[in-house]
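Below, chain A partners chain B and then partners chain C, in two separate complexes.
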Partner chain A sequence: MFTQLAWRNIWRNPRRTAIILTAIFIGVFSMIIFAAFSRGMADGMVDNAIDNLVGHIKVQHPDYRSDPDISHRLPDPNAITAELKSLLPTGAKITPRIRVEGVVANARETAGVEIVGIHPGMEMGVSFIGDAPMDGRLIEDGDKNGIVMGAALADRFQTEVGKKLVLTTQQADGETGSRAFRIRGIYRSEIEATEKAYVFISYTAAEQLMGEKNCATEIAVTLPKEYRNGRLAPLVQKCRDALEPYHVSVNGWKDLMPAISAYLAMFDAFLYIWFVVVFIAMGFGIVNTVLMAVYERMREFGLLKAIGMRPSWIVRMVLGESFFLLAAGCAAGTICGMAVTYYYGHAGIDLGAFAQGVKMWGMSRVIFPAIEIGDVVAANAVVVVLGLVVSIYPAVKAARFTPVETMRQN
Partner chain B sequence: MKYRMLCCLVSMIVLFPLSVCAEDGAPIVEKAFEYMRGETSVAVVEMTIQRPDFTRTMVMKSWTKGKTDALFFIESPPRDAGNGTLKKGRDMWIFNPKVNRTIKLPPSMMSQAWMGSDFSNDDLSKTDSLVEDFTHTISNVREENGLKIYDLASIPHEGAAVVWGKLELTIREDGVLLREAFFDEDNQLVKEMITREIANLGGRLFPRVWIMKKAGETERFTQITYKELAFDEALPPNLFSLSSLKTKRR
Partner chain C sequence: MNDLKLAWRNIWRHTRRSILTMMAIGFASLLLVFMLSFQFGSYESMIDASVKLSTGHLQVQAAGYNEKPEMRKVVPNPGVVMDILSRTPGIEAFTARSQTFVLASSEDRTRGIMVMGVNPETEKGVLSIATLIREGEYLSPRAPNTVIIGTLLARRLKIGVGRELTILGQSRNGSIAATVVTVGGIFKTGIDEVDRSTVQMLLSDFDALFAMDGAVHAIVATARELLQVGEVKKALQNDPGLKDLAVLDWVDLSPGLKQSIQLDLVSGIIMYLILIIVVAFSIMNTFLMAVFERTREFGVMMAIGTTPRRLVKVMLMESMFMTGMGLLFGMLAGAALTQYFAQVGIPMGGAADLMAQYGISGRIFPRLSWATLLIGPAMIGVVTFLTALVPALRIPGLKPADAMKAV
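Let's look at the complex of A and B:
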């Protein structure tokens, strides 16, 4: 009976109902869109960061991260690779790299860069360089004097494919080594800082530059999709235990990029704060509308009381009214929000217009909003539960009216 | 048969100057290198760094030995006195008396300016590269005051760790270096060193003034003027060592 009464009551003033429904709709809609957008942004950022020569699991010398020096190279990288192969699920891609700091120079310019010796064939689908858009071409395995540099760096050096660069770095024995390279390709990356940070040479060339065979400084692992999040930690632990005798450090991407993981945690908190802020704005609207609806019907409540309706029933009726409003608004908002994010989740939102600013934050240029069921549930729960809580006030008000009081009002 | 010999003779006559032009210039460069550095050398030079808004002059004492070893100390101004540079092989160390420390120059600093001048650390550290990393060909020979002057085009060996696309050297017959120009791979001039005022220094003819200038600059250059110079003096053993860099041996 209460539901029926409540349902009928809300349609007695369709205009007011429409306004409050719109408010709830916009609130929920914006919560979902915002959540999806920021999730998409965060995902893009994480993907970019992992692509940026990080990988999901990385094996390094324990001191390499604090002092990226060739003397902190891996002991016996071949054995470690073989060990990893036996531990990791099929589909995992394992690639060793030689990464050292060095200097790249041509006749006019010099820049400090990170020299990365890679197996070009193995980088496909592992790091950005494997399939980066490129002028010229990527170096090949065993290329002794080929180098690939970033477009931003090439701009600064006023150089192009086919020209010469000289790399200088500290060799494995501590001496200074330098070699000449020819530019085979100039890659572009989403982030300009990346283009300036890395030059790539083949693993063989890097070995020669370092004057040491098999001097990989890291082994990076890219995992199949299902292992990337929840199932990552046990896998890392398994590798850590197995590689114990080599005295190496094994880390998952969350440990490798503490700034990113901290940012992700902050993101969650930030999202819920946003939900509450949106709700507070909306909450006042709800209280106001329901209160108005209640005061307008004072006489009616008095009458109901007079014919024997219990105060608790009145509370239930008023709460029922707000519940219908909230539920309808939430449903509409959720459906529209999901539809819009679904569309953009495939098409992507191009932030090309703000590319400069976006790049600075290490985000992708195109963002694919991602719906997370948890966020949708949270948004709806916040609105419905808190909506009902704030409606208690007008409901109790309504229940307190005495018949005599209401008669006297008019 | 006669005709053939004639042909041969004609072609020899015609081609002879050409073959001179394409002659290997390595011996000339090697000779110049030895001439300019001697087995050992001791010098006092004044280095003037000219900039649009200031001019800085310092006096330095230097010792060199063979192709690769060198030691420099600043003598004045007093503020910089005692700053030293040691070069052994291709490695360089600098010493600053204020912090009483020697620092081995890392690769990242090799292409930076040496003591704020237009010379880079690389110019100093890779002196022997000129002999080892380049193919020198004589592009022109002319005569001045009875001495032949060779223009050489020096192309770095493929694979040599040299940033330049080409060097141009002008060397006098007796081994005096007159000009060294550095070009990038597009054959654009990057910087140029010229020497002037050839005088009798340390018992041989030697340019007193050396000027290093970046291409397109008129107000910025570095000039080195030799005040004293002596060749082939006996140097104390272990002069080119870190300890003498620290103790500022004179």
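Let's look at the complex of A and C:
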């Protein structure tokens, strides 16, 4: 009966109800849109970073990260790869790489780059180079003198597909070695810094350049979607335990990119603070509306009490009214918010106007808003729970009216 | 009774309701004052960091050098440029620089790096590397053939203060340039890219080593005020003495910086608009009720000869009183909060590492200015006025006889 009473009560003044519903609607709607948009932005940033030769799990020499030198290569990459294969779920992609710092030069220019020896066939769906847009083509497995460079670097070198480049780097024995390569392709990346940072040669060519067989500096693993977040940590631990005898370090992407994980953690906090801020803005309206609804019905509450209604029932009734307001506003806001997000989740939002700024922060140019159920639940929970909490004030006011006092008022 | 008094008293007929409305407005303006100050504070530290660490406010370079830095694109007579800069009002300090890519080898490591020739005397006034020395000492004209290197580079070359470094590159005329220098100091900017790949040496050493013949690659200058940069740039561009050279400001030198500031500002403004709209709807009920519950009263007043115009005026005064008090409260509290944090700074916790990559320290200091104090409250004021206008404009449509019958 309370339910019915409360429901009918809120429609006694449709205009007032409509206005406060609009406030709640806009609040919840904006919370969801905002959350989805910034999640999409963060996801894009993480994906870009993982794509950038990081991967979800990486096996390296324990000292390689602080000092990326060929002397810190993996002890027995083939055995480690075989071991990983037996540990990881089907669908995981495992690829060894040789990564060293070096110098690339032609007749005009010289630049410091990172030389990456890859198995081209195995990079597909693992890192950006596997399917980067390219002039010319990607090198092939076993290509002994082919090289692929970034468009920005090629531009600086004023060179093109078919021309020659010389790579110089420190070899496995500590001596400096140089080899000439022919440009097979020029790749483009979303981030200009990437185009300037990496040149790719085949794994075989890298072995020759280093003067050492099997000198992978890292083994990168790309996991199927369902293992990328929550189930990542146990998997990393499992690999770490199994690879113990090799004395290598095994890290998940969150450890590989501490700055980005820290950003993601701060991002969550920021989002929830924003939810509360928007709520406070509409909270004043909710209290005021419910308060008005209570005060103009003083006589009614007095009468109800006079005929024997308990104060606690009155509290329940008033809270019921605000619950309906909150629930209806939230439902409408959530549905519209999700619909809009769903639409843009496929179409994407192009931030082309801020292309340089977007690149600077390592984000994608096109953002695909992503709904996370946790955010939707949090937004609704914040509004409904806090909305009910602030409604206690007018509800208790209503319950305290005494029959005699209120009946005297007109 | 005059209208102001009438409006004022009307507000206090519903103390609780009026206070809640004012608090909603006050809360929103407090938040906007603080957030805008915070945003502008962080932009300023971003620009400052980038300006102080690498680009300066302005640079004079050979045309085309910024797009494609090449050894041969030089400013041939830096003395002439410096003369012009020293008599340009608004310029605070300037220094000459050259840079090129070389191979640097320590005993057992070789890396490709960027070597920069700087003048330590004038460099100090423009860029902040001198204050970031962690070990050893900054460059000095009394110690030729000495360099300072970044921390990460030092680690990668396995080299420390006092050790030797072999530099191999190409000089301006295309011949090979090679020398052995001593590491005099190690600096840490916090920006990995810089710390990993930069070596600085005396400009005079650079000149001799790379056969620069007195030419440099850039004259880096700072302006007295960030806001004057545009003006100074224009003045320099119009100077006949610089007509063959390119005058660039920090936006040209790091275009990503300005756009990321714009991106952040736009997303901030969207958030604020959402907040203001929510607040507007949340206070609309108060304004609306103030009209509807007093229909009878308006009928009576019109019947005794009050013009509808005057009633609308009183109604708007009421809502503007409330808005005004709310805004005033919000601005005062917002300014107080901002000033407090401007003193102690806001620690950025986990994001500090990420920001260090862009040269921002671990704390952000919000910066209160007239703009950040007034923009937010002004927007709220306009929106609440529009919100109040809707119900108030219904008054002229009332017919005294019908209105008096209303409950």
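Keep in mind that, in the parts below, the second predicted complex is superposed on the first by the 393 of 410 C-alpha atoms of A that agree within 3 Å, B and C clash if a C-alpha of one lies under 4 Å from a C-alpha of the other, contacts with A are read in each partner's own complex, and residues count from 1 in each chain.
We adopt the following convention: a contact is a pair of C-beta atoms (placed from the backbone, for glycine too) under 8 Å apart; a residue touches a chain by one contact, two chains touch by 3 or more.
As the structure is a prediction and not an experimental result, all values here were calculated from the model.
Chain B and chain C, once both complexes are superposed via chain A, clash.
Of the two partner chains, chain C is the only one touched by A:Ile286; chain B is not. When both complexes are overlaid on chain A, the residue A:Arg240 reaches neither chain B nor chain C.
In the superposed model, A:His119 lies in contact with neither chain B nor chain C.
Look at A:Trp274: by the touch rule set out above, it reaches chain C but stays clear of chain B.
When the shared chain is aligned, chain B comes close enough to touch A:Ala180, but chain C does not. When both complexes are overlaid on chain A, the residue A:Thr22 reaches chain C alone and has no touch with chain B. Contacts of A:Arg228 after superposition: neither chain B nor chain C is touched.
In the superposed pair of complexes, A:Asn106 makes contact with chain B only, with no contact to chain C.
Using the contact criterion defined above for the overlaid structures, shared-chain residue A:Arg299 touches neither chain B nor chain C, since it reaches no partner. Counting the residues of chain A touched by each of chain B and chain C gives the higher count for C. For the superposition on chain A, the stretches of chain C under consideration are 163-171, 235-243 or 271-279; the one running into chain B is 163-171.
Comparing which residues of chain A touch chain B with which touch chain C, the overlap comprises 102-103, 108, 110, 112, 168-170, 176.
Residue ranges on chain A touching chain C, taken from their complex, read 15-16, 19-20, 22-23, 26-27, 30, 34, 66-69, 101-103, 108-113, 155-156, 168-170, 174, 176, 258-263, 265-266, 274, 277-278, 280-289, 291-292, 296, 351, 354-361. Across the complex, chain A is touched by residues 90-91, 106-108, 110-112, 156, 158-165, 182-185, 190 of chain B. Remark: chain A residues 102-103, 105-108, 110, 112, 145, 159, 163-170, 175-176, 178-180 touch chain B in the complex.
Here chain C touches chain A in the complex through residues 16-17, 20-21, 23-24, 27-28, 31, 68, 70, 101-103, 105, 108-114, 155-156, 169-170, 197, 255-263, 266, 271, 274-275, 277-279, 281-286, 288-289, 293, 348-354, 357-358, going by the rule given at the top.
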